[in-house]
Amino acid sequence: MKSSHAPTADGGTVPAAPGRPSSPAPSIVRLRGLVKSYGDVQALRGVDMDLPPGPVGLLGPNGAGKTTLISLLLGLLEPTAGEASVAGLTPTTRKSRVEIRKRVGYMPESDCLLPGMTAVELVSTLARLTGLGKQDAMTRAHEVLDYVELEEARYRPLDGYSTGMKQRLKLAQALVHDPDLLLLDEPTNGLDPKGRRHMLGLVEDLGRNQGKNVLLCSHLLPDVERTCDHVVVIVEGRAVLQGSIAELTAAEATRLRVQTDERDGDLWRALEERGYRCETPDEEPAMGPTQRGFLATLPDGRSDADEICAIAAQIDAPLLQIEPVRRSLEQVFLTAVDGRGEDQR
Amino acid sequence: MRARTHTEIYRPFRGAISASAARASTLAWSGVRVGFKRKLPMLFLFAIPLIATIVGAFQIQLKFDALSKELSFITADDADVQAKMANQFVANGLAELLGSVEQIILTTLGTLQFFVVLAMGWYGTGLIAEDKRLRAHLLYFARPITRWTYLRGKLGTVLFWGSCVVVGPVTVMCGTAVFASPEWSFLTDRWQLILKLEGYALLWVVVHALLVLAVSSVCRLRNQALAGLFGIYFLMSIAGELLAWLFDSANWRLLSLVRNFERLSEALFGIASGEVTWGLEASLWALAAFCGLCLVVLDAQIKKMELGR
Amino acid sequence: MSAIVEAEALGRWYGEVVGLGDLTVSIEPGITGLVGPNGAGKSTFMKLMVGELRPHRGSITVLGHRPFGSRPLYRRLGFCPQQDALYEHQSGRAFVRDIMRLAGFPRKEADRRAVAAMERVGLAEAMDRKVSDYSKGMRQRTRLAQAVAHDPEIIVADEPLTGLDPIARRQTLELFRALANDGKSVILSSHVLHEVESLTDTMVLIHRGRLLAQGNVRDVRRLINKHPSRVHLKARDPRGLASRLLDEPYVNAVSLSGDGEGLLVETLDVGTFHQRFAAVAGEADAGVRSLVSDDASLEAVFDYLVG
């Protein structure tokens, strides 16, 4: 693990990701040693975090403190200790905590939608509650509903909405006051592949093109990998890892995954004869039969797969895949979680 | 004209965000609108109060009609002494009549009592319970509103429905009396009574609205809350009667909301039922304590909801 | 290999709503992924498979039995439903034990199996806690535990990964793999195609209550002629490789990407492409770094077919 940071045993500071210069613009969320406890239970035990602009994935096992963190970022909770700044505001007073919510949009995980209302009604009501004027609220409600492509259905009661429509409506209401920071909690929950693609497309657009600070909580790591530039991993109330996904999952220089059809064995032997070191990818739990194949380490002095191609051609094996070995976000995540777990013991 | 395209799909918002105090009414109105969409229960719940109101208004109208007939009969006889007598008679009759108007209105309110609780319960018990079940409060509390705004919003919705069945009928009947009385005498002579009636009706609605919301806030299902509301409503009365009988002291009836309002109306309108033995202060304290209890429950529950639980 | 599930013109309606229209499919032993958009009929098909519903038309046999009301089949089959219905006041262990008692095991054996199953799904520590205290993922895994506790030959699981965190997802996927290694068959539905794919190559794609595709994902991809297959290449000299590839008759188009090392090949005969690529690249001396089929994944196949 190169770009992650082994957390210190006392749960202290986690340095910011390497290679990211301290940006002049203050980050939208800045946490220093943030602690939140409920009675004796510490939900957050000193979180240090600087949210970079753009889409960021927030990962963590159940019960790691993600929900508490979101509530803090929404100004619903008062931090027990430590420093916090959200959109330039410090959530220590009641007033500033309420103020924060003008700058933050939240899409909850749960269903949330009251039957009987229509989409326009719901979104405009929520816009009014945020403090938009009557005309603004209506205009804005239609604009965001257009953005999430909720067409004529917006005039119908929510009762008949499909999961995909409900999720998009929930995104629309989070956007209605054009917040700087968007907190999206499991936006792809229950969506089928098409609905998921649509939702992820919107999240990606908001984060990459519309300049929103998006914090995406998801259990589906491929979704995070696809839409986010950065990732923060929370384990047992601490941010144990944060950094750029591209760096964390950077490809290795000399190891390649090679796959043919039934002739994997033949190619394996032929490669070993020529000085390649071959191994089965059994350390990757999520890899299944589709990604069969094996891993081949290039001998010294070689940096490309031309020779592998030539050898495959000699034994007449079809080449289905050659790809530099890359850690998946899942592996990065699991390593971070395991590291934390061992620390505790 | 210079060529331009506006193909951006997301438009930033350039308007102002200002926290106005009227935002609670937005929440209240949205609750009312949802209620309006359920048409059939509205028919059932409001048909009977409507009929009762019409009957009450009709009764009042008839009384005044009868009086004006007597009036015309007497004035037709053109004698001085008789006219004086008649005037005296009319004045007496009028005074008696105006007194009986409040009797009619209060009786109508008494018969409506159950429907008021039913109507407010039907529309009100779901307000917080449904939010909790679907976790819709997460959407509201992600907005810059306080718990107080949320509570006022919900209270506003219940008050609206309560007003439809209590304040509405009182207003209609008082209005009928005003228009039917000769030379607006009901308004000119008895305006305090109108104010008292309206105030009484409003207090009725507020106290019951708090009860409805408090019950709603501790339940997760609307039907649970509806059952709980009637449970509490009747249990308080039954417990009051039972304890009064057990300990042979009518003061236990202070536990019952209905009895306390009886005491209040006795003090306001001087119509004694004979079953209340305690002072007005005791009833006022009982009602205040009851409202306080509801508010404590609501505050605790809404606090929990704000924290996202 | 004989089929474990055979459906013939299978249909089921809910009033006028179609659950499953006209499905003919046979599923072989091993792990099979049942995929399709929302409302395609996956859950209905699964309920018909486990005998929770009676077919309105056509027929279905599972291990040679007609599932509806077939007690012998119930012993050989485990079902993990999508609905979150558990007895709240019980512990997870007691819940599974009671199901095992219903399945006909004596008390002691039922408890032993319940404990083993709860351990297997990773709930060893939580199994004595009340179900009402469980998180969504734990409830999901309790449902899975009752499906595998009686050691069935076939496990039918409807969206078994919903609500699980990444760690629990991995554990559950590993459980399915272990079951398959023990010679059991697993039929599971999921919207997360990436995960289905990590378990199995064999899929059944249902759309609008009908069978849209079945079989090995790569094979299915080759049947889709409407969209040429896309292969991403990276090389030191992409232009050289591109011109070399354009000489090959099976290559339809080659385009270079902006980063100066990638190129995208479109071909209608991806089998030949894979067969011949080794020879072409071996001669071209273009410094090939990677070769990835862009659209041979289950997700791509799904998109092409469902649209």
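First chain written, first letter: the chains are A, B and C, and each begins at residue 1.
The criterion applied here is as follows: a contact is a pair of C-beta atoms (placed from the backbone, for glycine too) under 8 Å apart; a residue touches a chain by one contact, two chains touch by 3 or more.
Note that the structure is predicted; figures quoted are calculated from it, not measured.
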(request) Going by C-alpha centroids, which chain is farthest from chain C? Tell me that one. (result) B
(request) Please give the pair of chains with the highest number of C-beta contact pairs. (result) A-C
(request) Could you put a whole-Å number on the gap between the CA centroids of chain B and chain C? (result) 58
(request) With chain centres taken as the means of their Cα atoms, state the distance from chain A to chain B in Å. (result) 51
(request) Starting from the mean Cα coordinates of chain A and chain C, work out the distance between those two points in Å. (result) 24
(request) Quick one: which residues in chain C touch 2 or more of the other chains? (result) none
(message) Two-or-more-chain contact residues of chain B, please, as numbers and ranges.
(response) none
(request) Can you check the complex and tell me which residues of chain C touch chain A? (result) 35-39, 135, 137, 162-170, 173-174, 177, 191-195, 197-201, 217, 235-236, 271, 274-275, 277-293, 297-299, 302-303, 306
(message) For a test of understanding, state which residues of chain B touch chain A in their complex under the given definition.
(response) 9-13, 15-20, 23, 26-27, 30, 33-34, 37-38, 130-131, 134-136, 138-146, 306-308
(message) Considering only the defined contacts, which chain A positions touch chain C in the complex?
(response) 59-63, 162-164, 189-197, 219-222, 256, 285-291, 303-307, 309-313, 317-324, 330, 333-334, 337
(message) Touching residues of chain A toward chain B in the complex: what are they?
(response) 67, 71, 74, 76-77, 94, 98-102, 104-106, 108, 110-114, 116-117, 121, 125-126, 128-133, 136, 140, 143, 146-147, 157, 173-174, 177-178, 205-206, 209-210
